[in-house]
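First chain written, first letter: the chains are A, B, C, D, E and F, and each begins at residue 1.
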């Protein structure tokens, strides 16, 4: 029986904290991309996902994902509330609670990712309900399929090191469904809808990259050689994807863009996620470069097919997730997978691995899309999933949160806003 | 004799870095909440606390807190300058220097927390002096009371896992004292004084949460099961507190606010701090929810009693710290405390634990309040603790630091500030 | 033969992630200091260095730095592509891949540091070419000199714990060369050219400090006592340097400035870098204080000698690196170096150590300056290293990236930019 | 020579500009403004207190026109800026004594 | 019809607005401005160099009023905006040839 | 009394201000503006789509002057603001019925 390894535990606790930081990072990556009148709502969608999913995870999510399998489809409820678990219980060389924490943050970020597709226009109530239902009906079971003991995808033999299917394809497919259900923003295709704060986009990208080392290298569940190679490939694939996306920028527009660099980084991180512990550094450069190029081109899909996936969740997460999941079929390297059966086509493996990867990707994509579509529709028709036209034009921050993001007055210049001074403060009930 | 554990050391060094990051995080949490003309001063108050307390800690702070006890009240000075300590000396399974670093960042953040109560109006000189004196007279001894070998609170049997009394009640009480001493901002209750940059508030909250995993789970002093359960409760209490605060928002104002979400997160983190390694995940959800609701309501106290605690340090840290410290008396769980005597009322424990918690909380609160009040008064009457009216109205950034935070010119739009161009640059003595 | 230590590995993987975060941190430190029309370009210069150097490192950089020495000058190419390395290979107690990752991020940040000297005016193409060439011709060999097995500086007996010569003097000298080659910004000395976003400067400083714990304490290559003392000195030197720089501010201008605090922090971090594991905490306070004062004064050099080192890379990194590298000759402490031969003058050592430090510093400085100067000149004369006057005046963000950093519209106030509305969107080829 | 000043809803700027261009006006100067009038502002909540912001974002245009064009230009602006909802804004006309084009020093109608 | 333009200290806006409202003026247009005059600006320090910023933040109001009200309105603004310290600003009056309400096309006094 | 309004290139503000100071004008009010005219704007790229921003940043000045000075003031501004390249801007003059200094209530030339 394995003993507690303080080193492995230190690494998993660190990794869990890093992955938790990804959700605020995502909030800024997304928040910088929306217009100034909607940045708070974007941040709040991410923080709400963080708050709700954390609680659900402890109440029943961990149990549904990691309890004993019910037919390979979902875990049971015997771990609900985590009341059976104590600080001395181990999962391999780490405490079960470290596993609980580390897995929780995956659930959180997956749900938060979806928000980008419906930026600037979703009711906060609708989003809250969606978060609860989609996490419960889709994420918890799908995590079980892929990583749960006895989950059907794992049994079937498809592999996913850190979440290409369970996280990115899953979130990307749901994002597509919601974008279709709630429809495009007013003025879409007519107005530019440019990012209001590109430095925030790069800040978010930087924090995401940083956190992703926990996401990928932490998924080794130990501080060992595979964690280290995963660390390296998480760096190199991302770097290569930045170069790939900027290449598309230059060829198409004769300029490199900051939005392209940030998006390329995320595309690379997404694509390497499923493959990070299975491929060599050079393999990861191939994955990154391809992901950068393919995702940059995939942004155009929404214009061709007419859905307003506002912050390109589909192009980056669904497409990037597919790129990485399928490239495993070509680039999986026995030196890293440690299993002769897990070799990609380029390393003398057969076509079966690629086939299994495709089946797993397809299954998660269809399931997530279908459930998200139905949930979205139900919410839309009942409590409403879309704010009023006035709220959207005037800004969802004011309409949904009664706040404005910035009140930037500089004593130095003429841009001093007098709004603050001209307000009639009507204190209503500030007392407790 | 325990040996060095690389795993435990890795975790404590990581935790220490995480906690250090909390002070910049706090700077942004606070800095986003003040008006644009005071953001640099707010950031500088936090960074100054960081700079001063780091140096004091090495010179004599660590010694006063952790050297042999003088009557349970304060440590001696034999460790002053840390000259007796070498890299091979151990404190348990980690090097003493790791302990020095980890404890240093607690001292720093505690002092920095106080700044929020006197935002936008304190002289920088006054603040510098206060930092030196309060750290010396209050923080170092109180840390000894709670965590020092032979400190009276520890001996007395009150428990504080990561700093509910020593950090939050302590800082909150001092904040209240200073807010009273230096008085409300000009225009308080009349002008809105809205946060100038809410995304910064959320950025700060995100960084604080991230760093708090080091604060709480690092306080296990090992990478083990209790560190892991502390990690989990640090996530869940915070999440629940966000939901709790937003609930108050919705009931009272029919809107969820971003400021509420950020404040709720901090309230939850504060409340779980003393209890983090003593309660179960479900227990932590109870603590978080209650803290979110209670702190949200406690914000009204300042209006009722008429002190301008500008960024609600009292409502969040004093009140939140009390909530957590007292709830230990109800929710302490033997599975986690590992001691049948440390059981809360809900788990069959007696009232004594609650009583001891209350005594410890009360003692720290009174001591910190009294000393801070006297120090504040002396500083106010001598070197001055409050900037001139002109400086406050015109902006403390210009008055105290001769800087303006933002000079945002976009070539794209009409908001290009011409201030930069219209300045008559009078270089005085730029040469060294 | 040493075995894998999970604890050491956890610490190095964590440290590597921390150091990676330093490049985004640097991007914000620098980005906040430039004018608003150039912030994206500054961020992009840093992210481009990150992307390119990551890939080069795997392809041949690691090999040039750490493969078997060719005459003490450079490593060979047998590790090119890292194809000979597997996840089970160890370097001491950690996997080779952990070493690869940890060393990669040093290469990245060194190159990125240079960008600050040529802010707001360099062609992006020129920068991309410079990054490739300088990394290849200067950084990889110099890393070998200092840290490679058999590198001449190491053999010679000069010591550099975490990169005073290899990173800071190296980057600072190259920065000086480029600033001279491409010349001052239009309006330099006439216009104020104030930082456009000082909170970003402090955010960057905070992230850099946080990451620097990995940089310095990670350079112990183990989670042990020296890592812990390095952690502490990284905190205290930085704190002291903030105080030192603010002291100069106060004496000269009667005000403390936020820019001074941020710059002081970086100066302290730079100066402690080579000495971090060799000096006591009190020694580190001396180094920090001196670095803060000296670097603050060194900012004036550029006015005296007439080069526009726009963001003071020379004053902070070259000068700060020299301060730290030379002070080792005075303050190296046997308790920490563990070698009686490595004692500074203040601890009874001879003048030889100081001499060796000076030679190493001088050699790196000259080599880096010379090569950077020649590379800069060639690039300037061929593809061009400087944007057009129109581009510089109108803003390099628009000229080089066709983007504007901010589009901040608040529904609340009059500063609503109508630029977005008044644009005629001419979609060209958004489809893939 | 006349100066036509218009205060309009910000999102109408593009339409007004196109309409003026079609009419033949070749230039204008635009400033951000905020307006107070019949149109209500919005409400913000801060720490449980509610604040009403009375000012509404507006865009202010200035167009110098020849005397003969002034009525048409006012008409073009009013038509293009109209939504029919409260807060559409005002247009007013001042007399101008002289106009100079900075670049050339040309005066009067030639300066436009 | 007259156009009253006032340049005042920003923190006086609210008082001026209330005073005008009490008087019966129902609307105005506000822009951020900065002023240069007797009032001194402030000093900034950057890397040890001192810069004087001469421009002082101001708020600029425009109020269209009927000819008969113009003196009173000027008076109301001056009273409300006065602090007695340098930099209180200026108020001036122009003649207006025509005013139109965009929403309805009403002209003259009806447009206010 | 006259009101001289000038729309100029932003980076020319400092020169114009000095020139006016030298001439003896003691105050002015400045606002940020953007202009539409012969001068072309710039192009931005977003997700592969190209957007033309037609508006160009400008600075708008208002200077109240005595009738006798008006021609000279216009001249001073035009000279100082001229670069000779397209987009240098316009200067125009309106008549002012009355001017008041808020601080003192002084009117007319004394108010300047």
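Operating definition for what follows: contacts are C-beta pairs under 8 Å (C-beta built on N, C-alpha and C of every residue); 3 or more make two chains touch, one makes a residue touch a chain.
Not measured: the values here are computed from a predicted model.
K.L.:
What is the minimum number of touch steps required to go from chain B to chain C?
P.N.:
Shortest path length, in steps: 1.
K.L.:
Name whichever of D-F and B-D has more C-beta pairs touching across its two chains.
P.N.:
D-F
K.L.:
Once you find the CA centre of chain B and the CA centre of chain F, what distance in Å lies between them?
P.N.:
50
K.L.:
Roughly how many whole angstrom separate the Cα centroids of chain B and chain E?
P.N.:
From the centre of chain B to the centre of chain E is 45 Å.
K.L.:
Return the residues of chain C touching two or more other chains; collapse runs of consecutive numbers into ranges.
P.N.:
5-8, 10-11, 14, 192, 194-195, 197, 203, 252-253, 255, 257, 259, 299-300, 394, 398, 402-408, 411-415, 417-419, 421-425, 427, 429-430
K.L.:
Find every residue in chain E that makes contact with two or more other chains and list them.
P.N.:
Residues 11, 17, 30-34, 42, 44-51, 53-55, 58, 94-95 of chain E touch two or more partner chains.
K.L.:
Okay, in this complex, where on chain B does chain C touch?
P.N.:
On the chain B side, the touching residues are 4-11, 13-14, 16-17, 20-21, 23-25, 27-28, 31, 39-40, 43-44, 47-48, 50-55, 58, 81-83, 86-89, 94-98, 100-101, 104-105, 124, 197, 200, 203, 400-415, 420-421, 423, 425, 427, 429-432.
K.L.:
What residues on chain F touch chain E, complex-wise?
P.N.:
Within the complex, chain F contacts chain E at residues 1, 3, 17, 26-32, 64, 94-103, 105, 111.
K.L.:
Spell out the part of chain E that touches chain B in their complex, as residue ranges.
P.N.:
11, 34, 42-55
K.L.:
Touching residues of chain B toward chain E in the complex: what are they?
P.N.:
393-394, 398, 402-404, 418-419, 422-430
K.L.:
Quick check: in the complex, which residue numbers of chain A touch chain C?
P.N.:
5-8, 10-11, 14, 18, 35-37, 189-199, 202-203, 205-207, 209-210, 213-214, 217, 222-229, 231-232, 235-236, 238-240, 242-243, 246, 252-253, 255-259, 261-262, 265, 280-282, 285, 297-301, 303-304, 335-336, 394-395, 397-398, 404-408, 415, 417-419
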